[in-house]
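Presented below is the structure to which this report refers.
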Amino acid sequence: MPKTVFHVDQSKSMRDQEVPGHNRWHPDIPVATRVRPGEEFRVECRDWTDAQIGNNDSANDVRDVDLTLCHMLSGPIGVEGAEPGDLLVVDILDLGPVPQEVGPAPGQGWGYTGIFAKVNGGGFLTDYFPDAYKAIWDLHGHETTSRHIPGVRYTGITHPGLIGTAPSAELLAKWNERERALIEQDPQRVPPLALPPVEDGVLAGKLTGSELQKVAREGARTVPARENGGNQDIKNLTAGSRIFFPVFVPEAKLSMGDLHFSQGDGEISFCGAIEIGGYIDLGVDLIKGGMETYGVTTNPLFMPGRMEPRYTEFLTFIGVSVQHEENRNFYLDATLAYRRACLNAIEYLKKFGYTGEQAYLLLGSAPIEGRISGIVDIPNACCSLYLPVAVFDFDVRPSVQGPVVADRGMQAVAA
Amino acid sequence: MPKTVFHVDQSKSMRDQEVPGHNRWHPDIPVATRVRPGEEFRVECRDWTDAQIGNNDSANDVRDVDLTLCHMLSGPIGVEGAEPGDLLVVDILDLGPVPQEVGPAPGQGWGYTGIFAKVNGGGFLTDYFPDAYKAIWDLHGHETTSRHIPGVRYTGITHPGLIGTAPSAELLAKWNERERALIEQDPQRVPPLALPPVEDGVLAGKLTGSELQKVAREGARTVPARENGGNQDIKNLTAGSRIFFPVFVPEAKLSMGDLHFSQGDGEISFCGAIEIGGYIDLGVDLIKGGMETYGVTTNPLFMPGRMEPRYTEFLTFIGVSVQHEENRNFYLDATLAYRRACLNAIEYLKKFGYTGEQAYLLLGSAPIEGRISGIVDIPNACCSLYLPVAVFDFDVRPSVQGPVVADRGMQAVAA
Amino acid sequence: MPKTVFHVDQSKSMRDQEVPGHNRWHPDIPVATRVRPGEEFRVECRDWTDAQIGNNDSANDVRDVDLTLCHMLSGPIGVEGAEPGDLLVVDILDLGPVPQEVGPAPGQGWGYTGIFAKVNGGGFLTDYFPDAYKAIWDLHGHETTSRHIPGVRYTGITHPGLIGTAPSAELLAKWNERERALIEQDPQRVPPLALPPVEDGVLAGKLTGSELQKVAREGARTVPARENGGNQDIKNLTAGSRIFFPVFVPEAKLSMGDLHFSQGDGEISFCGAIEIGGYIDLGVDLIKGGMETYGVTTNPLFMPGRMEPRYTEFLTFIGVSVQHEENRNFYLDATLAYRRACLNAIEYLKKFGYTGEQAYLLLGSAPIEGRISGIVDIPNACCSLYLPVAVFDFDVRPSVQGPVVADRGMQAVAA
Amino acid sequence: MPKTVFHVDQSKSMRDQEVPGHNRWHPDIPVATRVRPGEEFRVECRDWTDAQIGNNDSANDVRDVDLTLCHMLSGPIGVEGAEPGDLLVVDILDLGPVPQEVGPAPGQGWGYTGIFAKVNGGGFLTDYFPDAYKAIWDLHGHETTSRHIPGVRYTGITHPGLIGTAPSAELLAKWNERERALIEQDPQRVPPLALPPVEDGVLAGKLTGSELQKVAREGARTVPARENGGNQDIKNLTAGSRIFFPVFVPEAKLSMGDLHFSQGDGEISFCGAIEIGGYIDLGVDLIKGGMETYGVTTNPLFMPGRMEPRYTEFLTFIGVSVQHEENRNFYLDATLAYRRACLNAIEYLKKFGYTGEQAYLLLGSAPIEGRISGIVDIPNACCSLYLPVAVFDFDVRPSVQGPVVADRGMQAVAA
């Protein structure tokens, strides 16, 4: 079992740990610890909100969450010998919720899924579900159940929502430039088009004073995936995966967090995964000069592990890039097509007795597949959503008998 | 073995068959044959271009293809008792290329993949690959190889690219209205935003005269997926799949064609599948009133079959919604994110000795997975492309040794 | 599509084909046709009994079957350049029932599973089920149902029950010697310990007269698997498989037959597969001197294909090497342990309303897994039988509600 | 995370734990702790030998192991309300090696595989490999490597080798009777046919004096699988599995141990798994009267979990029930057939540079499949062994180029 190189006491905020983490991307954030190529080690993580969400039946905490604190990351881990242009090889050896602890922090035996309010970031279906909701999940080894979504039990597809290397100053400047330009297209939009640097809530390890100020002013928010990996929300980064990250700064400065006990493709309700704190065991290595050797100019690449839960019987919903309510057509818009597939799945599940919100929370968290199906057949993109039927303890397939309707309870709502 | 209800002689055009098929969607196209719920039957199909493409080493035919003839469909099959509001249950029992024939028509022992020229429809990467190219594939049972892309052999994921029910007159009117509105946003665009009805090349079974004229003027082009299913290009509609189609007209009027020996998610080069003529064996049934019962208001739903080829080791490429060349950011644009993932895969494969065009042709045709990974993390959508490593007869994984570079031949080009 | 090198007219006995096959293993049986390494070709096959069994509701034909005619094989195929000591590489490209024909021969739209009577060969559970029974299966593409076993529908795992190369004269002599020695241990046993050469019913291609006499006197019966492959009944030899056969005679002389639409591990009722006639498409190649190079001294080896039906949820029955009725223990006897696992599965299925015979017929034909679990824990071998739960159209899993009992009909019985 | 109900301090023998476990099956062994149906809990385990084997390069400890101490089990766990005739439902929620500890006890970051000497129990191939050997495995999350078998790295299929309920006095008497009868068939055999009760080394929780004496005289050895489950060595009892155990005594008295980080079917070298101490998280429930309801008269049944490592490309070796060295035939002997398949695999791997012992150790520990293929085709049983090719870091498939021979080191040997 590997030694722990980044410790987290789940009873304390990330700010109050002996070695605190960070919540912005910036090359100046100092390494929290160093490892060598070939080494294996454990990193402990807080949940992405630093435990702002509680194990209760009210969604007030989801409604009121302070996003300037997010994502609360562990790291950076310096990798000796890593230089810009290398590929950093990262093996995810194992990961999971906080071991052998029951408590009030996410990951201590439980996790949560939230639908964010439109005024606070929204989500993929925010025009249809503008308010805040929540589901609490109990963890049973690799499986999970929720008192807020009865009738389902499934095997989690556990992964880090966020993992990445630090940007160089040049790369960071490009990020800020292009995201600022996007925001300026509609600066008052709710939810916003992108999130600019913000000084509130910033944490940058042990940095203080003017050094911290610099990170606060320039540091990229951690919400999107970018060239460094980051918040990719790729559910298939399960144990056994090997990731190849581009290296932009000396020592690579690998950081991670936002652990997900499970998540469907797209993490559609923004906080759609089962969010947990926990641990992640890693091995690292280097391919010197690998970015040029393998033509990796932008994003990481990876090989998924062998330990994904095996679901093979699916009910698949389809969507095309048409806004049906207004009979309006969009050009090869895969985002819209996938949104329609999600809405079609929700309408279907409502016929079995679930609320739309329950279905939305389920589709974000269960191991569903979201696929690009047709992307060239003008004008309609076509996307499909694969829902494993074994997730349900009743038969969810269409039949001449019709759906088994039942009282299926209720998600947590805001007061 | 089921009886054949729609016959195709592969030595003749679809126009010259005893009972011809059709190449537009219109409720007035008469049924070619009738079946009863519970019945199993075979339908024979031409390739989607009606055999405009040849088994040779020139891409001139791809460059010059006449798209007004496409897609050449078999049907409509009338299903007795089907009424608007029902769900038509369609079991894909089996399908494949033209049985036991070797010849000049696609599907007679071979298939093709094309990159369409930008001036003739283009494709997903048309700004990067504006010209016409082609690869010919030899079929070996369930596997395939190409003289134009040496070093690969894979198991096809055979499916109908296009299958659907007929629209009602009202639904057809909605299609024409919304697609016309889209075209008007940029009527001169190359390639166009959508394809309006066109009289050239129309075929509507045995209709002639003013009845044919009506179909020619109003009939929807078959290129996009729509509420009736249609050209969904869902690679997972393999043998064993069960599809639930909305019924919009009496007798449902099921049509199909555009058989694919194999295709990756997205069929990215527009003609990216391995295109074949062949046969498809179906069973049909009805869920009366099923659209309302199951909340199916727009698209079909389906359950994939158990016979998909098993690939489990993948190399995964990632893309985000950034136009990196111009450092320009787009808002949660999954289409762009998937395009970037495709470009990243192509750059990678070029390091092994393939041309970009070969890689593009391969990604369209091999059983790759294209997934929506992050769709809420503003501003960047994140998509991922899963390439099965067993497709290659060399080790395509990254390593410290670097890629195995070799002369890997050449795709077919236009003169 | 490959050319057919061995033709079968399903309306005629194998004896009356233009080029007849054979039903004994002997090096002197002349090649029926020749192929070259690298070639792909089709072979047509009769069912293993040469159509002694009919599509009806009586098991009299199973009871009265003449086993001296079995297995009726297609071949031998001579492979140019093959020499003793080589490995013959055989790719199973595709296979299936008789294409596009409905008729009275097995494989013409239907197949059968039989329980043989103890007096006529018996089966794995013959002490428990000594009489003859039958189930007829209708084929629906890759799936099958039986009027004799309602409530099940499954995807076949289609494979040749029997495929192998010809023995040399020396190897044949060894077979005859060791099997004769075994028979002599209990010559009157019913069923017998092994089957010696028998002149009745022999067929050896076009051989006649003294040459045929020689084959009749010496030719090994085709029932067991031996060094040449033969009747291995390996259900995983599905399309896409590559087999490496030892070569014992010049030209290898490959023969095959006994096609199975589906079969569970063990083919437990002797005629436990869904027996069909049909076709098999093959490719061949050679590894010169491969037996020595790869240490292949006895049996073939193979790589399974990618197209096996995907079942992942199983109910698993266990057995150990104890004769529980008499509380008698056997030493690491995997045969007995697997028999007990089969009996345990049958007792379980009877609780849902099936007869023991129906359950027995089902376990032989459905894609069940039979595994060696413990083979060293003295004195008990432990074997396990994995039954895919999706085979049933009701929930077959144990629960506090108890089994869903129903009238589940009846297998075909002998008059 | 469940509470721990059975604690083990890995620095102490099982005898010296606060609540010791046991190493015999006997109804009088008192419960160590009690749980209620519906409860989830953790049990900690020693490796099966109570840490007689060390992390070093000598097999002396394997040669000299004291088997009277084995298997050292945790439990019995009493389940409130369980009565004879019930089915005890046991969910394996999670399991693994000793968490976060590095040390000298098996499971503290490492595990071992042993070939037992013929004079000390032997193994499946003891006539071919009569001496003691060992391999040490380092654990990397879900994967493992061995300095004694370089060139392989694989994902473990972690499971309890041994788990079962207590026998009733009547059942225990039947075991002793039938095993004694077996031993009497050849009392001097080496290795013995079965292991009778033995007083040396007995441990029965806190029992002492005459109560302990009774257990010592009557208690069944834990080596074989029996009606209560026990040492079934079923590699597929991975996390997510649900087992249904027959209940023979009040409170069921569930015990477990012999955790395996990984094991191939058959655990062929007797100590063929990667043996570890560690933890197992369980949930329990009851189906009252379930033995009668579901016809469970002898062995447990189970449903495998969804988290088995996904290997899909295999090299398969075949064996039939012939002793080839003497050309001697056995009647449908699956044990012999599987032994031949193992020997064929070993001969093959030797061609790549492994010693026979390394290959033997690998086949016992890696996630290989061992299948009953033909069990009715008189006189030859046919078994097959599926070796995942991805286990190796070189290409292990047969080809015209021949095997990649290399110096592949050496297993640990006895001095």
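Going in written order, the chains are labelled A, B, C and D, and every chain counts its residues from 1.
In the analysis below, a residue touches a chain if its C-beta (ideal position, glycine included) is under 8 Å from a C-beta of that chain, and two chains touch if they have at least 3 such contacts.
Everything quoted here is computed from the prediction, not taken from an experiment.
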Query - Shortest walk length in steps over touching chains, subunit A through to subunit D - result: 1
Query raised in the report: What chain is the most remote from subunit C, judged by the mean position of CA atoms in each chain?
Result: A
Query - Whole-Å gap separating subunit A and subunit B, where each centre is the average of the chain's CA atoms - result: 32
Report task. Measure off the straight-line distance from the CA centroid of subunit A to the CA centroid of subunit C, and report it in whole Å. Result -> 50
Query - Residues within subunit C bordering two or more other chains - result: 306, 310-313
Query raised in the report: Which positions of subunit A touch subunit C when the two form their complex?
Result: 310-313, 390
**Report entry** List of subunit C residues in touch with subunit B within their complex
**Finding:** 1, 4, 40, 42, 91-94, 97-102, 108-109, 139-143, 155, 239-240, 281, 283, 305-311
Query raised in the report: Can you list the residues on subunit D that touch subunit C in the complex?
Result: 87, 89, 121, 123-124, 174, 177-179, 181-182, 191-195, 223-227, 231-236, 244, 265-270, 272, 287-288, 290, 293-304, 306, 312-320, 322, 324, 327-335, 338, 340-341, 344, 347-348, 350-351, 369-384, 386, 389, 397-400, 402-403
